[in-house]
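Below are structures written as structure tokens.
You will see chain A twice below: alongside chain B first, and alongside chain C after that.
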Partner chain A sequence: MRLYFKYLRMLVRSQLEYRESFIMTLLGQFLVSFSAFLGIYFILMRFHTVRDYTFPEILICFSSVLASFSLAECFARGFDAFPRLIKSGSLDRILLRPRGVAFQVLTSNLELSRAGRLLQAIFMLIYAVPRCGVVWTADKIATLAVMIAGGVLVFTALFILYAGFSFFTIEGLEFMNLFTDGVREFGQYPLSIYGEGVLKLFTYVIPVALFQYYPFLYLVGRSDDKRLALLPILGAVFILPCSLFFRLGLRRYKSTGS
Partner chain B sequence: MIELNGVCKTFKVAKRNAGFREAAKSLFKREYTLINALSDVSFKIGDGETVGYIGPNGAGKSSTIKVMCGVLVPDSGECVIDGLVPWRKRKEHVRRIGAVFGQRSQLWWDVPVIDSLELIRDIYSVGEAEYKRTLSELVELLDIKDIIKTPARQLSLGQRMRCEIAASLIHSPKTLFLDEPTIGLDAVSKLAVRKFIKSINKSRGTTVILTTHDMQDIEAITDRIILIGRGRILLDGPLYELKGKGSEGKTIVIEYSGGGLPEIEGLTAVEDSGSHAKIAVDTALISVSEAIAAISSSVEIIDLSVSGQTVEELVASLYREFRI
Partner chain C sequence: MKRFNLSKAPVGMKKYLSFFKIRFIAGLSYRSAAWAGVFTQFGWGFMTVLMFKAFYESSPESFPILFSSLSSYIWLQQALLAMFMFWFFDGEIFDSITSGGIAYELCRPCGLYAMWFVKNMAARLSNAALRSVPILLVAVFLPKPYGISPPDGILSAVLFLISLILGFLVLIAMSMLIYISAIYTLSSAGVRILATSAVEFLSGAIIPIPFFPDGLRAVIELTPFAAMQSTPFLIYSGHIDGDKAVFLIGVQLVWLAALGLFGVFAMSRALKRVTVQGG
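So, the complex of A and B:
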């Protein structure tokens, strides 16, 4: 763990070498998610509710997903940028170091500028928290925290899955963005508004609803079932099959060497 | 102790003809060609040896190095290095080896070199006292005192290579793999790198395995040559033995005036302009000193030089001999 922070320090120092670029990206990230926020805002100005959900409620949903995504993208960026690691041959260097491969991939990259999105998420939370009609008891705060933490793990799992695919093909990985960026966009609204099919897909195949929709129902008081608040933990288990897939890819890499 | 026994490796390479139609077709059905990167590679390298691993591009040098580093798993055959199979005990194995790839950097690009070295120290969990000792030794021998506070990206290639070598020796490995360590370096840096590698081999007894296309590297550093071509080991032996094989002929180049060159058995004028001549001497028939004596008795020698076959020529002739 200490080594992890040493790696992080190194990456932070590397990024601060390019201060202007860093600040511009930060700003860019912020503005991009701000436009998404405006999108929701204008729709809700006109229709007031979407499928019964009020503006602050949707904001809670959106901001928690955005926070998860930006944290995952910030810290698990190494997996997201993994195809480059293969192409540049850095993976060979990783294999030459006496540390775990996943650990080194994780520490190969850190995207601090993603904090722009995180900042946006925090602003929205600050705006929405007092307005969404939730009485913020300890268990509700814990629910929100578990939602975000679970989300970070599910997104990280998706990045690992993406990295795993890049062992098999370098081209045509764009379709994976459907799951990562797609989930982030879908996640703006509670998943049930897209209909039964989508909700099922995001429950059983990619467990996004487990950290978004179901605990959200409990959070805003549409359900009293406290078990819903624990579902993000179940969703986080998704990281296991994804890691397994990554290992499979790594084994193939070592036998093909390309 | 490095032991390779019958190591084989075949790569499947997708092939595709040029053109859009072919590209579209390859989306659905791909044809593959099998390339025998390594077929039945066996050799033994003892502790403290310096080995030049040579062969033309695509001969299988890098694949062998990758197998020995544990990055590549062969299809069949055995590879045991100091009692470990590299790809089975990766973490334990890589602690004992160091690797420098001339074309790829292992330093963190944007931070001062010293920061990279410190992180590498932590990755290998090298103790503070040992680190300090090793570092001061490396800094002095490689003459990098003034540059380790500079970010790696601002270094010249020669400076960077010296830092790369330092980085791969922080954990005092038993075996050092060098893949084209002098590629693209200027003369001064090349000499410095060669001298350093030689001295680290002497002082620490580090086993050095070097791949290169620069035959002067081979001459300066290695005692033994392994030649690989088309995935097979073609030749394995001490450098002097190889040299003995090749240097049956010497060449005498002279500037002269007056008279004509002597016609003696064993001497052949390869070039002769009347004042400048290149003469091949077959040392099996006549010694170099006899040849010079014979030449000087018939012409006035103004300038003279004798050269044997260089390692470069030797290797080129080997490549020709084995048709690789």
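So, the complex of A and C:
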């Protein structure tokens, strides 16, 4: 763990060296998610509610997903960039070192500029928290925190899954975007609005609804069942099969030889 | 072709055609990437349709466009994504600018603007060629308001094709400006990410322009952003027709000429400043 923080410090420092380009990309990341916000704003200006969810409620949902995504992307960026390690053959170097592969991949990269999205999420929360009609008792605050934390773990699991697939195909990886970027984009709205089938898919196959939809129901008072607030913890278990898959891929890895 | 003539040598159409061919065929060889793309874009389109369905059912009277028109728009957008996604840039061109490889390009007896233009066209078209057909085929067979419907008539189809070609050219003329800005600034990552998010939003790639607030919509319709994917897709779906369609095609023509001329001018100025360091 101490080694992890040492790596982290190193990566942070190296990125702050290029201050201007860092700020530019930070701003860019912010604006990218700002346009997503603007999209929701324009649409909700026209429709006011979607399946009875109000604009501030949707913002709570969106900002928790966005915060999870950007934190996961910030820290698990190494897995996101993993296909490049395979392509360039740098993975061989990693395999030679006396530390776990997953640990080294995790510490190989840290994308601080991705925090631009986090900034956007925080702004939206600041706007939505007093307006969404939730009485912010301790357990509601805890629910939101658990939602975000659970989301970070599920997105990290998806990035690990993505890295795992790169042992089998490099070119065909694009389909995973549907589950990483796609979840971020379509997770703007509570997953139930897409209908029963989609909700089931994102409950039982990819446990996104476990940190996005069900605890959200409790958070905004559509349900009084406190157990819903604990579901993100169950969702976080998703990281186990994903790591297993990654390990499976690692075992059949053959170097590209370059 | 006279106006593209940046180098001293005479410029013919043929060599651009071969640049086009090389890039097009290279693009066609990424088959598994294409299948993955088809899967992704189909899923994306499917989710987008479901999302708008939720809005439609929440308040049908606020819907600014027929649902079947919107579905056609979404499926065209997904099928032709490779043609109209602004964030897709040719990494080789940026590399040639930062590495100095641009010097070799300048030695060739052809105009740099036209060459880059053609390369970008080919790369996008080959990606789209592989991906669009399977997506459209599935979308045709989806149940009624959720799939893609045929165009509104022969006139719509013809206007759509004209507008599609123009929209594609406007988009490339706009993305040329990003490449050209890289000649000035060398590091273009910042400009690129800012321009990309602005263009994507204003061109109706995130939400279709009919969903914008009314005042804003009227203004955006006249900008080069709407002249990219929005105009052709809305003509196809019958949301824009008749005189308005002809007028908006005119707008596309004007922007194509303006962006093209400006690009050629900016590039010739940029190239005067280029100093390639030896090595």
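Methods note: the second predicted complex is superposed on the first by the 253 of 258 C-alpha atoms of A that agree within 3 Å, B and C clash if a C-alpha of one lies under 4 Å from a C-alpha of the other, contacts with A are read in each partner's own complex, and residues count from 1 in each chain.
Please note the rule applied: a residue touches a chain if its C-beta (ideal position, glycine included) is under 8 Å from a C-beta of that chain, and two chains touch if they have at least 3 such contacts.
What you are looking at is a predicted structure, and each value in this text was computed from that prediction instead of being measured.
In this overlay on chain A, chain B fits alongside chain C without clashing.
Applying the stated contact rule after C-alpha superposition, one finds that A:255 touches chain B and leaves chain C untouched. Once the two complexes are laid over each other on the shared chain, residue contacts for A:99 go to chain B alone; chain C is not touched.
In the superposition on chain A, contact of A:178 is made with chain C only, not with chain B. Contacts of A:21 after superposition: chain C is touched, whereas chain B is not reached.
In the superposition on chain A, A:10 makes contact with chain B only, while chain C stays out of contact range. Annotation for chain A, partner touching more residues between chain B and chain C: C. Once the two complexes are overlaid on the shared chain, A:48 sits against chain C while remaining clear of chain B. Contacts of A:186 after superposition on the shared chain: chain C is touched, whereas chain B is not.
The least CA distance from chain B to chain C in the superposed model is 6 Å. Residue ranges on chain A touching chain C, taken from their complex, read 21, 24-25, 27-29, 31-32, 34-36, 38-39, 42-43, 45-52, 169, 171-175, 177-178, 182, 186, 189, 193-195, 198.
For chain B in complex with chain A, the touching residues are 11-12, 63, 66, 69-73, 75, 87, 90-92, 94-95, 97, 99, 101, 104, 106, 108-111, 115-116, 119, 122-124, 151. Interface residues of chain C, counted against chain A in their complex, comprise 30, 32-33, 35-37, 39-40, 43-44, 47, 50-51, 53-55, 57-59, 62, 64, 187, 189-190, 193-194, 196-198, 200-201, 206-207, 211-213.
On chain A, the positions that touch chain B within their shared complex are 2-3, 6-7, 10, 13-15, 17-18, 88-90, 92-93, 95-99, 254-258.
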